[in-house]
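Sharing a structure below in structure tokens format, with a few things to ask.
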Amino acid sequence: MKLQMIRKTKDPGIGEKYDKKSHRIINQNGTFNVQRVGRQSRIKDIYLLMVTTSWTNFIFFTALYLIGINLIFACLYFFVGVHHIEGVDHTTGWKGFADAFFFSVQTFTTVGYGSMYPDSFGVKAISSFEALLGLLITALTTGLLFSRFSRPTARVVFSKNALITEYKNGKKAFMFRMVNERKENLLETNATVILSLQNKTSDGSYSRKYYNLDLQIDHIYFFPLTWTVVHEIDEDSPFFNLSHQELKDYDAEILIIITSYDEAFYEDLHIKHSYHIDDFVWDKKFKKAFYTNDHGEVILKVKDVHTIE
Amino acid sequence: MKLQMIRKTKDPGIGEKYDKKSHRIINQNGTFNVQRVGRQSRIKDIYLLMVTTSWTNFIFFTALYLIGINLIFACLYFFVGVHHIEGVDHTTGWKGFADAFFFSVQTFTTVGYGSMYPDSFGVKAISSFEALLGLLITALTTGLLFSRFSRPTARVVFSKNALITEYKNGKKAFMFRMVNERKENLLETNATVILSLQNKTSDGSYSRKYYNLDLQIDHIYFFPLTWTVVHEIDEDSPFFNLSHQELKDYDAEILIIITSYDEAFYEDLHIKHSYHIDDFVWDKKFKKAFYTNDHGEVILKVKDVHTIE
Amino acid sequence: MKLQMIRKTKDPGIGEKYDKKSHRIINQNGTFNVQRVGRQSRIKDIYLLMVTTSWTNFIFFTALYLIGINLIFACLYFFVGVHHIEGVDHTTGWKGFADAFFFSVQTFTTVGYGSMYPDSFGVKAISSFEALLGLLITALTTGLLFSRFSRPTARVVFSKNALITEYKNGKKAFMFRMVNERKENLLETNATVILSLQNKTSDGSYSRKYYNLDLQIDHIYFFPLTWTVVHEIDEDSPFFNLSHQELKDYDAEILIIITSYDEAFYEDLHIKHSYHIDDFVWDKKFKKAFYTNDHGEVILKVKDVHTIE
Amino acid sequence: MKLQMIRKTKDPGIGEKYDKKSHRIINQNGTFNVQRVGRQSRIKDIYLLMVTTSWTNFIFFTALYLIGINLIFACLYFFVGVHHIEGVDHTTGWKGFADAFFFSVQTFTTVGYGSMYPDSFGVKAISSFEALLGLLITALTTGLLFSRFSRPTARVVFSKNALITEYKNGKKAFMFRMVNERKENLLETNATVILSLQNKTSDGSYSRKYYNLDLQIDHIYFFPLTWTVVHEIDEDSPFFNLSHQELKDYDAEILIIITSYDEAFYEDLHIKHSYHIDDFVWDKKFKKAFYTNDHGEVILKVKDVHTIE
């Protein structure tokens, strides 16, 4: 078996033995192809969900719990008796419930016009509780909003395809390209690239092997333009002996880990990405994504990171 | 003495000489078996307590201080005279006190319906102070809530037992297993494992010796599944010459320090853990905690991290 | 070509081949001379803009959206009918609109005096929505303000000029100077300095070459005074063979990356800076920027970081 | 000159040439003995002042600006005419001003009872502005309070004295001791220790020389008890040839930099400290600060970190 001839590297943490053939390890959206079952949910999971979900979802959920809480209190006031709220126009029916709801919002938000106000011990007590709860829910929402905004999410875009192509002096190389979509810069960026191959073993299970790829440049100080990460395919490269078809048979996947200091959030970031054999393109080149204009300024066309020619 | 033959490593910071035999250094909940006496309490300790205590406690304490502050102001208004609050139903007795309390909440939360309002210089002054204080307490509660949520607490679960068992090629190994219970990934995870043995010295005191354990893999890039940390018991291993009984006599304890980058909170985390000799199991194996389903997806049963067979 | 004789270092991430001659890579304000086109705007870009813009702009934008939102609601109330707000002085004309606006502000800020209050289902509903929105906008503004303040922006000032001057033992050196303008200290400060030269190649394009400069001291533990970063021009230095005119022809630019731990914000910082050949001064010296007074205290004149003599 | 014989290390960033003899570099409170003059104040300096000042000062300043803002608005209302505020008891004199002040607080805090409410265009406009300003000031105060609490300030206490005393095998050593006063642990703690000596040069100026001290242990994994940092005085030590009197003449100062991961705040911390020759004690020993009780628990007496015997 050819694979035996290549010096494999240590398991990067994904495991070497599987009962069946498995899909790509890292999905195209950057998550792992792993489902966790049997784990316990905790309050912090809800927080993380609210912080990482889309803005549409976040606004929907926020509206939901704000309206939900006020509906619950409206029910409470309605149950205790809307006539205990002085100044309502209606005390029964859906109009009475609406007034109870509006009184609830005026209490929850602490707007408290006073055109409606509690007039019995019970309603005074409930509305006191609601006003205090309102403070806490506002505090919580403030925290959630701030967390969403201040979350240091990099916007590094990887080229759609990874290339195996002629490089320099007739040598071949494996390469992919990245760009920082954000205006704020990334500094001290590092790349680690690992090839994963899986093949059937004699006992019917599947074995994954891992090969760290040597890179022409694995650290850049600045990252204002595109960065083409290049692995030269020389005799020490695991790609050296493997044909296109063999890479397909071994279900080749490239695992990438990028670390960088993000000037926007003053944090060190780690980004993971993967290219599956189906994302590979042979014998094409990346089109240059930037040019210098007549004023000596460098213009970077962000979307051209994907363009090959 | 056998221990003399093993190359011990430097004190990891826990001390080498004790007057008496002491319990395990790191408790099962991850704290140290050390009580600090004579230290001064400071405001930040209260903050840290509120941030690290359970949610039940947090809600209890928050309710306590919110109600407490309002009770204090209710007393103030009651003492100055509830009849200075215009619009109250009662000015004396517990009903008057209740109205003073409700007026306090309406002021503190800034709901201020106006059905009750201050009608003398004194009450105007006190209520002005309370409203301003309300802002500060709300600010503080907002900060506490946000701190609790945004606290980057990893959820790495360690196997209940550490194993000493056959490993490869007939060699024995010491091993334990970890899993990340959270969906968000850990990257660039490192493990440091130290064996601590204590034995009585000739002068009656106890001496602790420390031995860094060489690991098969001490760094993984990704941590989507379980990680079994393995120390091979070869001639250089401190375990090599020690029998089960000797380890018991020396009160063996394994000290573990894990560092990792947490994708959920974008922070580097350090986790400590320990296995005491009583947590060791001999000649069993960890049951595989994941499998591949028919769609090529990897399914991880989080709770199986503990399962041995 | 002389440049061939000097051992260049790897591309620091800026690229080696340009179609035309380009300006300095890092502008004097620390940004890159790169314009990104075709990138998608996102909500987080607005956040980053609000957090990084000047205080004047921030106050202007904040006033703008606070007034804007209230104008929109004023229009809504005006459209639905100001006579549905009980207690207004005017229901039509610009005075009616002004009352609608004031009612909106009283609702949005949750001040809710109650002298004006909603008196129809429609206005009750709109004002409920506005009060809830007010909470969210306040939360958002709180987050923005906090982000602005807590942003760990170092205040390291670089000398206006970089010098090439006699240093020690008759040897020449390239040097520049820095000072930390802030009272809080920087610890463990590192400097990386790269020379960039661009020259026309045979095919009419421009090639950039990069040379890491060896520094006398590239790491300091403390940074309470000024730090003069010195590169001795010996035979291994790229400056050794290059005349003033040649440096000009090659459009020499010095790229600087400083990393440091900031005691003010408890964060690691990275600062970038550049000196263009036009910022170079020959055969001058930096004037000492600190002296010891009669009480043994060291006095640092921050602005003297620029002074040469 | 004896000092010539010792291999000095690089300037740690404090400078080597001074015009006069200067005091200790790092004061006993951990700040540098450097005064910055001529630097520009900025908004962030006020923030940092409010965040780092004592709680007493913070409460005082906060009260000051809350009352100050309300006094300014009270003046505005008084100037425009208190009779434009409906529901006041007094419109002139200090009682009218008091009512204007109370109205201001009710507006600023958004409590808005409505017993007093604006009744003219001017007062409506001013109070609208005040309510909006109130939101911003509350936001700001929330941020300040949160910053104060969440600031990762370590509570490492250094022994009052550094010792030069017999150590092991008859060898002498320089040592000092630290303890973590806080319950939350410090992990991966490093120590760097530098000796600074200043002496008069032939031209009348003072020269500072620096010597990195080799430590028995310069890194500990855990820090639950005390840590005695030990520098053995062998032939390579700068202390080896220097008598007590010479150390005094050279105004010896020990500069210390501690880095550690703080489990309380999940942050890497850097702490600096210094011992001046006057803090040195000869031929004493640190008294052990912890003992094991009968239940096998280790008891640490925090204040004993200073105790020598």
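When the chains are written out, they are named A, B, C and D in that same order, and each has its own residue count from 1.
Simple rule for what comes next: a residue touches a chain if its C-beta (ideal position, glycine included) is under 8 Å from a C-beta of that chain, and two chains touch if they have at least 3 such contacts.
From a predicted model like this one, the values you see are computed outputs, not experimental measurements.
Trainee: Could you tell me which pair, B-C or A-C, is linked by more C-beta pairs in contact?
Mentor: Higher C-beta contact count between the two pairs: A-C.
Trainee: When the contact pairs of B-D are compared by residue number, which of A-D, B-C or A-B has over half in common?
Mentor: It is A-B that repeats the B-D interface.
Trainee: Which whole number of Å gives the spacing of the CA centres of subunit A and subunit C?
Mentor: Roughly 26 Å, centre to centre.
Trainee: Report the inter-chain centroid distance for subunit B and subunit C in whole angstrom, where each centroid is the mean of the CA atoms.
Mentor: The computed centroid separation for subunit B versus subunit C comes out at 37 Å.
Trainee: Pull out every residue in subunit A that's touching 2 or more other chains.
Mentor: 106, 110-114, 138, 142, 146, 268, in rising order.
Trainee: Mapping chain-to-chain touches, which pattern fits: line, ring, star, complete or other?
Mentor: Per interface graph, the chains form a complete graph.
Trainee: Show which residues of subunit C lie in contact with subunit B when the two form their complex.
Mentor: Interface residues on subunit C, with respect to subunit B: 110, 112-114, 142.
Trainee: In the complex, go through subunit C and note every residue touching subunit A.
Mentor: Touching subunit A from subunit C are residues 10-15, 18-23, 25, 31-40, 42-45, 47-48, 52, 86, 106-107, 110-114, 116-119, 121, 124-125, 127-128, 131-132, 134-136, 138-140, 142-144, 146-147, 151-152, 192, 194, 206, 255, 257, 259, 265, 267-270, 272.
Trainee: If we count contacts the way the header does, which residues on subunit B are in touch with subunit A in the complex?
Mentor: Contacts found on subunit B: 55, 62, 66, 95, 98-99, 101-102, 105-106, 109-115, 138, 141-142, 145-146, 149-150, 153, 155, 181-185, 187-189, 217, 220-225, 227, 261, 263-264, 266, 268, 290-304.
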